[in-house]
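Below are two complexes that have chain A in common, paired first with chain B and then with chain C.
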Partner chain A sequence: MLEDRHNIKSWFYLAPALVLLGTFIFYPIFNAFFLVFLEDYNYLRGTFEGFTLTQNFRYVLTDPNFHLAMGNTMLIAFVSVPLSVVIALLISVWLNAVPIKRLQGFFQTIFFLPYVTNAIAIGMAFAFLFNQHYGLVNWFLGLFGISPINWVGLRAGWGTAMFSLLVYVTWLGLAFKIMVFLSGLQGIDKQYYEAARVDSASRSRIFRRITVPLLSPMIMYITVTSFIGAFKAYTEIIGMFGERLGPAGNDRAMITIVALVYDALDRSGTTGALSEAAAAALILFGVTLIFTFINMQVSKKRVHYG
Partner chain B sequence: MEQAVYGNEKQIKRRRRIRLGIVYALLVFFAIFILIPFYWMILTAIKVEADVLRSPPLLWVSPTEWQFANFSLALERAPFVRFIINTVVVAVISTIGTVITTVLSAFAFARLNFFGRDILFFILIATMMIPGEIFVITNFITVVNFGWIREQTYFNAILAMTVPFMTSVFYMFFLRQAFKQVPDELYYAAKVDGKTDRQYLWRIMVPIALPTITTITILNAMNTWNAYIWPRLVTQREEFRLVSNGLRDAFDEGIGPPLYHEQMAAALIVTVPLIIVFLMLKKYIMRGVSRSGIKG
Partner chain C sequence: MEITLQNLTKVFQSKKEDEVVAVDNLDIVIPSGKLYGLLGPSGCGKSTTLFMICGLLKPTEGRIFFGNEDVTPVPPEERGIGLVFQNYALYPHMTVKQNIMFPLENIKMDKKEGLKKAQDIADLVGIGHLMNRKPAQLSGGQQQRVAIARALVKSPRVLLLDEPLSNLDARLRLQTREEIKRIQRETGITTIFVTHDQEEAMSISDEIVVLDEGVTQQVGRPQEVYNKPNNLFVAKFLGTPPINIFDGRIEDGRLIIGDANIGKFEAPDQEVTIGIRPEGFKIAERSSFQVDVEFVETIGRDTTLIIEHPNVETPESFEDPEDDEDKVDTSAIADEFAPDTDDKDMDFTPKQSIRSAKTFRAIVDADYGVEPGDTVKFSVKPHKMHVFNKETGELVKPDA
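Up next, the complex of A and B:
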């Protein structure tokens, strides 16, 4: 290692970051575990009745919206993540095949645009795209003789609203994945492809046997982080549906686990609310951990670390 | 035999051209899918209200009929210029803080040797897995206790929106990687020249790692532009809010007609600055994003 130890000097360099991390990251983690075991805690009065193992989790689990929130969260994650990973992978392979550099750059810029937009602004644009009377989606369907569907309007159903939301979430997730996959593809040694061409392997075989295995660490990383992100879906829903989290007259139809956390936090002054928020957040953390663990197990078998 | 395996040259060329044509067609198809929401936003923002509320919708407005009044209507509805200024102020302050704290700590992790370094780094990395909602609950109480929420002044609102975000484990990790690529020889040479660690950091390492620092700056600013939840929680007055909150609040639960033309004009006002920044700094943003996907 470089030189001998500089204990005191090192801690001086670390101090600003550690003070902030201690206050806004480490303390909140411990405090969440503390809050969740307090019975009837009220932070305004600073009072609580005692300690409880399960009360706060029970509050969340018996919330009339909990099943809907959990179902929506899972659905968003399990539809939008695989869909956007596959589409992004295909787009990046096609992009990589474009021989003209400037044209490739042009397409790259377009595909990157969703990453540099405001999720609220674009959410509002999507809501209007799906508008029953004036939207582009129904106009398009009308060309095929399909009569206008009430996607996200007054008293729109859960199914159509969820479909619209999934289109938006998938659209929003593509940019980042395409960029990461493309940079991965550009890092693959051309020799592999030349060898495959000499063996006259078919296109799809090259894709399955060379591209995907060599890209697998990146696909894995993107899948894990995208699942973690998708479990936290919230801002996208606000963008499309506003604070009522659903079509007008069908309020909260698009509620998610994170929405439960913020609902509880909005009532922060009332007894038990903060502990409930902590319980909902810890449930989310648990779900994230389980899926990350499963992903890791799968990757041990499937991912090729070259 | 050779003929069968390789085909003749003309055939191969033709097949390659057809294949490339299909690739272009697919790319154009998905590019349109990506662009449609932007087109629809722009188109709606420049239509007169009567044309917005027309079924079937108009898919094109000729330049002579572009309606720029929608933008001034949107700006009258809510102080978007104020929101943009707030967002820029928050982005600048939190970015300066983030760069200073992460440069110092990344230097310690990359170049200094101290007790518990590897364990500490591992613990920091582990926190990246924890959903932010867990922090938000306590951080909200913390900023209330710091006196930044009640009877809020503009200064307090800025503090509440910036101080909790003045460091980042992810950027620390990102910068450490950049610092580690600086050859050790430079460090020894600087030592021989009698430079202190502090001089070495600011005069040699920071300039070398400048592309990475630029990337961090841009990514951090973009996060601020998109921030919705935290600013909504900690701002007490409308005029302290950031663009995302301002935009959502201006058109949420509205009484009366939904005013799509104004909505989309406001959405465009919020979207355009970020896209301009992107087109100017494309190189740095794209590099940062593609690199952030590569571990190690």
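Up next, the complex of A and C:
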């Protein structure tokens, strides 16, 4: 009896969270699984005309836009994540070695600033850096006699646009990684370094044999979450290219899976668009799952948990 | 490899701009192939000295010689030293084998040769069967041996041990200290170790130096230092149970505690501090040193009498080594960076004050059958008694 009443009470306590999670997380997820097997959504009536097992997947998988989106997404994930992890690792090791505490704090703040800055604002700043006529990048290249390149301007090519995007995404990912690595580094007992010095280990060996293994739980955590984040890249594209999803005149060149899903939702008046969005989202979900699983398997062998 | 420390001085600049002299003008010669103990209470500069010898700390002044070579400017990686840290600092992600191999890989030794060497050294310290374990899977004593093996494997010129036994339990400590002695004898490597435990230092060192506040108090063979302390500090620091300290005086060539005549002592009349080892008392028929026994502890063949006496000097600032060991497990360097923070307060261990401060201990043969409340008369063995200047604490020698 008493237990029953406790039960009811506890459901009330849970209710606010459950309602919010249910509305915005659980229902959409389950709904996506349904949508994928439905056909011909009627926007006006809000109903579907029929069922299908594979039609939506088949449609998405043959859509050239999807191919481009998948390619872009993978490229962003597999270039920007490893690159930013390595760069962040080097920067944090360097930061950790700054002998003056106050200076270290100063640099730490600087490196962390991007994390608290709006990604859209940074995207616009980067777009300007890569501006053909006034951008710092072309000015810098000009010092070496390289003529201005149309990175992200009117009818800029996929290659230059993607390069600019990758630079921006990599840079954007640094702040958080540096912070996590730095706190990890500061948790490593200094005696290991003293012992390694006495054992005549070179600096590069200390980095590879002591620092990286002892930091491996952090590196693993950052790698897994960054890959998941990169698979969902969207804000970054909007930040740099706006809703055109690419340089003017080369629209959608930088489209990603999530951008494709949004795009489809935008056209939800069109027959089939909603189911397409669901199919694309589920494919992304599957890809993310597989890569996370692979990451975890690697970590079992490579990561040392204190 | 003979090691010479010449005017070695280390000054730490703390934040509030006051300087802390951790090591003050140290001049020691550490003989080749011997086991040498640096002994002193916490904050005396012994670990700082060790870290200067290994090169992780730079001396403020003075020089360090390995044989004839001046190694003062040489960085630690080129000094050819093996160092065993207080908490061993084994790399947690490497197996025992990888830990021992690490120094060899750094000097690019051939892998086959290295493996053989690692196995030999592991067998020497008795962990040859544990090569594939991780440090976390080892007991404290085993970790200690791995640390020693890692330090020895590259055939260092000098082996340095920082409080090697402080992280072990009492029984393991006894076993390990004999082990260290054995390993040192078998390898013949000049070994320096740091300890605050006088018993440890006395039991295994060939020679010890007693330090206090960065200043050498006495150098010599352990028994010699115990039997002939240079000053009150050394007398008080060595020996368990500690030496008994009395207020006394010299009068007409006699040594007096209170009203009692302790013995002849030819020196100018003066107030003095008299130290008498607990084993320095003999129950005697005819003596004016008469006391009432308060407590009696009989352990095996010895009986310890605990006696109240108005002339016992209040013991100050001496830690019970057993208690202290649990406390000192922080990094040795950190410990030394702040030599006068809370160390001094902590040295007043409660154990000392459980009994009224005005008591002393005498160890006598159990056959006497002394009971609490008895009145006994003591005579004092002259060689167990030391007389010190009341102000300076320096030894007062009888006139020849």
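Assume the second predicted complex is superposed on the first by the 292 of 306 C-alpha atoms of A that agree within 3 Å, B and C clash if a C-alpha of one lies under 4 Å from a C-alpha of the other, contacts with A are read in each partner's own complex, and residues count from 1 in each chain.
Basically, a contact is a pair of C-beta atoms (placed from the backbone, for glycine too) under 8 Å apart; a residue touches a chain by one contact, two chains touch by 3 or more.
From a predicted model like this one, the values you see are computed outputs, not experimental measurements.
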First, second, both or neither for A:7, with chain B first and chain C second: first
Which superposed partner A:221 touches (first chain B, second chain C, both, neither): first
Which superposed partner A:100 touches (first chain B, second chain C, both, neither): neither
First, second, both or neither for A:202, with chain B first and chain C second: second
Which superposed partner A:265 touches (first chain B, second chain C, both, neither): first
In the superposition, chain B vs chain C on chain A residues touched: B
Which of chain B and chain C A:31 touches, first, second, both or neither: first
Chain C-contacting residues of chain A that also contact chain B: 200
Footprint of chain C on chain A - complex, ascending: 189-192, 194-202, 205, 209-210, 213-214, 216, 304, 306
Touch list for chain C against partner chain A, complex: 54-56, 75-78, 81-83, 85, 87, 89, 91-94, 102-103, 105-107, 150, 154, 331
Chain A-facing residues of chain B, complex: 5-6, 19-20, 23-24, 26-27, 30-31, 33-38, 40-41, 44, 52-57, 59, 100-102, 104-105, 107-108, 111-115, 117, 120, 124, 127, 129-142, 163-164, 166-167, 169, 172, 184, 187, 197, 222, 225-226, 228-229, 233, 243-244, 247-248, 251-253, 260, 263-264, 266-268, 270-271, 274-275, 277-279, 282, 285-286, 289-295
Residue ranges of chain A touching chain B (in the complex, touch as defined): 1-7, 9-11, 13-14, 16-18, 20-21, 23-29, 31-32, 35, 43, 87, 90-91, 94-95, 97-99, 107-122, 124-126, 128-129, 131, 133-136, 139, 142, 171, 174, 176, 179-180, 182-184, 200, 203, 217-218, 221-222, 228, 231-232, 234-235, 238-239, 242-244, 258, 261-262, 265, 268, 274, 277-278, 280-282, 284-285, 288-289, 292
